[in-house]
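Just dropping this structure here.
Note that the chains are named A, B, C, D, E, F, G, H, I and J in the order they appear, and that numbering of residues resets to 1 at the start of each chain.
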């Protein structure tokens, strides 16, 4: 199972709202039906709660290790996206967050899945 | 005729709304007037109903086979787009859906057709 | 003169609103002042009225022939754009339409002209 | 000084609102501090007043000559942008206009300046 | 410490609102944990207060020197972004401002941080 | 079977050697093992024999119809490439020819096959 | 007929060999079979004979007018290319020359034709 | 260990020399020092021996499975490249072959490794 | 006249041959016929003579000032290219040198001129 | 001074010649005249001597640290390139090597410097 114990966070360094975007171009998991590897890209866009509201931000190296823990997991595109959304929402309780996964395709069909937390302003839903 | 019996779906894996986008870069059908092949790209963007609302998502391999069933069909651009929209709307009854077809062009004119179901948020109409 | 008698239309194949976009990358007319040829691209984006409302769509080959009839016409960028808008609006009476012409440039200046019919949703004004 | 006497206009050829965009990729002026040349791109986007409202459009060759008159002018990025805006606003009194200048950069910093006239719809502020 | 004494400004050259965008493609600082250099791009987008409101604009060469003063500073992505935002907000008190930093990535993850001042119109939050 | 009777040629219009390159971006055949469609691009580069040597060039429309005749043929990448090479070599007996097929990929692997006739100068082997 | 009387030349301005390349992105002629317009790009690459050898170079504006004279000519791709090669070879008698025409395509097939004069070094045959 | 038993071949379908190029965009292995995953692209270019010389070609699906067998292997860039070269050379004994691996980079450094078999013509060493 | 007194050089810092390439994207001069400005890019590629052979390299800032001295010069493309070649050849007496100028185009025709000194290896003639 | 003690190597893992290419996109040093930072990209392409010939390859992390040691060094483009060439040639004594540095430009002029060791095959001099 993806290992949420790898995730760490640090206090938001500001009381003014701001937006963080992380993109991992090197994501891989395994198709639960065929056993073949899937390759994709994972993007997080979120507004952390402010420092005085007790907000936290995911630590970058821990995020990398957490994403690597999907490497040999048999799991569908939709479940990868929803798992990452749920695990990071639990960790940070952000004001809002978008998790987008872009998959290189199987059988000539490329897929993109987007899952959200909170009230995401429209311009971030891309 | 395009074969809707090929389409399969699975229950939406989440009760939080999310957005799915599938793009097939390898679509072909036949022009009903000239008999020459048409080549294009088919993109679906939709928000499935949630799991607790009984929502379903189209299964990826079945989508591929369904799209392949247009291969030797004599059918206009507009009709391809509306057929796919109608067949997938019937299968999934999504909250909203956009079907976009991008055609490589005939006689120096490229075409893009977009058909929708439900109340599509503006940022997805691209 | 551009020959509107070349334009043909067919009944809209659906009662659900949808959007059609045609792009001709091979448009040429003649500058009425210098007599030199102008080269550009013509894009139409429109929502036809529905079938039950008596809506029609421009036929693709007739559109090509109509656009070719500008080939030796001495006419300004703005007039090309407004003529195409007027002729197609008369033919189809669409719910809304955008006509955009993108010109390769004269004297180091590229130009784009956009003319509209009806109440065009903002996301199509690009 | 940039020579506004070079600017000419012609009556708007339509009573239906439309949008004109001109881009000159070959603009140069001189930095007033260092005396080194600056290179950039100038883009105008505007909606002329209609014909019946007495609207006019800038003539393309006169625009080219006017922009060339900045060639040996010592002038800041911001002043170039505001001058062009003021001169063209006075010439045409458009419904709205955006003047955007994109500069190739000095000291590793690229700059873009946008100045406006009237109530510019959001989608043109790009 | 980044050296705010390097920053200089000049009076806004206009009483009509306009928008300034500066992009430095050559930014580097040092990771406070590993000591390895970070490389990125810094973009400012802001509307200065008008001249009659006492508005000022950051001077371009001083901005370059200020950004260079981060060169050997051990500092996190988020702190870089918030520092630049705070220092320039104090210097200019703009109507609104966006500071965006795009980082080349560590461990396969690229990051973008956006911090804002004032009420930023949505189209500038990109 | 691909239908070579569709191929037509016309006499080379010159006695000076020259080089012809045709690229069809819309090629499709069927995988003989899985029955799934393959999509690719076919490029011919050849030097026809001169007119006085009795040389001929493939006629463009006949080439299109010939390539379309592979549409429902179950055939491997290598065989497609060698068939086209053999059929066109027989038709034209060119001084030299390269046939290159670029395939969109199966199972994450894209393929390019090149087959030749005669002594192809190195710069055309791309 | 293409009008060679439009072509003018001037004496080569150097006794050291050099290479000239001109690309016209705005070429159009007419298909002699269908009567539909063809659109393409014409590129010349040549080494003029030196001044002391009596060499000449084609004048740029005369080249433009000459290329425009093909506008309403019914003529095949190969013939366009060979005509331009012959006319310019006669005008300049260059040390060597390549004429390349790149056509936008008919029926999904793009074509490139190359004709040469003299002994063209391999690196220019692209 | 990478599993060479997965590799299968089929007889070369031609007696005329030709060139095959396969590119897998989805390769991953593990760094033997840090344990972190590496991501790259593997390209093979080879000329199989002819049919009458007993030549064979690697079967595409078996190649995919073989490349997947590196997924959890701790192995350096250079060793990956040399292993693939050795395994495929043993399988096919091609006339010549290039194996190129392009790696996404570690610590800001991207790497490309090329290993060869036989006498590779220069134009394929890219 | 372009001012060769602005050019400075420094001794080649090595006795091992190496290759230097400088590209100025911001070159402008004036057409001697029309008086309109021309815009282009100037590229130098050269191998300086070695230090022990008394070789020198052009100093970068002096090159910039020299190229700026063409700003208001009425001069043809070919003459610009040959002048730069002659002036730099006299300054440095390099082992070999290529001067390439790429012009943005007049009347829809882009031009590239290449002039050389010495025996230029083929791979640099691009 | 750049610190060559940071460089480490390992024995070439093969007796068959192969080619290694490393590209660091994140290089920075300081201009010795102005004190401003320079930013560039460093590419090495080399053929190590074989294992049985006692050949070695530079270790990737040590290369990164070595390149970082130029960070606050006041040094010219040409000297950077020649230093890296000399230091790596001494470390590995490769069969041949190319060191290429691509600089982001100063005063509108981009530069590329190439230095070599041994007899570099032409196709690698790019």
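Couple of notes before you dig in:
Keep this in mind: a contact is a pair of C-beta atoms (placed from the backbone, for glycine too) under 8 Å apart; a residue touches a chain by one contact, two chains touch by 3 or more.
This structure is a prediction, so every number in the text was calculated from the model and none was measured.
Chains touching both subunit C and subunit F: B, G.
Under half of the residue numbers found at the subunit G and subunit I interface occur in both copies, marking it as a different-residue contact. Separating the CA-averaged centres of subunit C and subunit D is a span of 27 Å.
Here the CA centre of subunit A is 44 Å from the CA centre of subunit D.
Distance from the subunit B centre to the subunit I centre is 56 Å, each centre being the mean of its Cα atoms. The set of subunit D residues that touch two or more partner chains comprises 25-26, 36, 39, 104, 107-108, 122-123.
Pairs of chains in mutual contact: A-B, A-E, A-F, A-H, B-C, B-F, B-G, C-D, C-G, C-I, D-E, D-I, D-J, E-H, E-J, F-G, F-H, G-I, H-J, I-J. Subunit G contributes residues 36, 39, 104, 107-108 to its touches with subunit B in the complex. The part of subunit A that touches subunit H in the complex is made up of residues 25-26, 28, 36-37, 39, 68, 71-72, 104.
Across the interface of their complex, subunit B is touched by residues 76, 78-79, 81-82, 85, 106-117, 122-123, 125-126 of subunit A.
On the subunit E side of its complex with subunit D, the touching residues are 13-14, 16-26, 57, 60-61, 63-64, 121-123.
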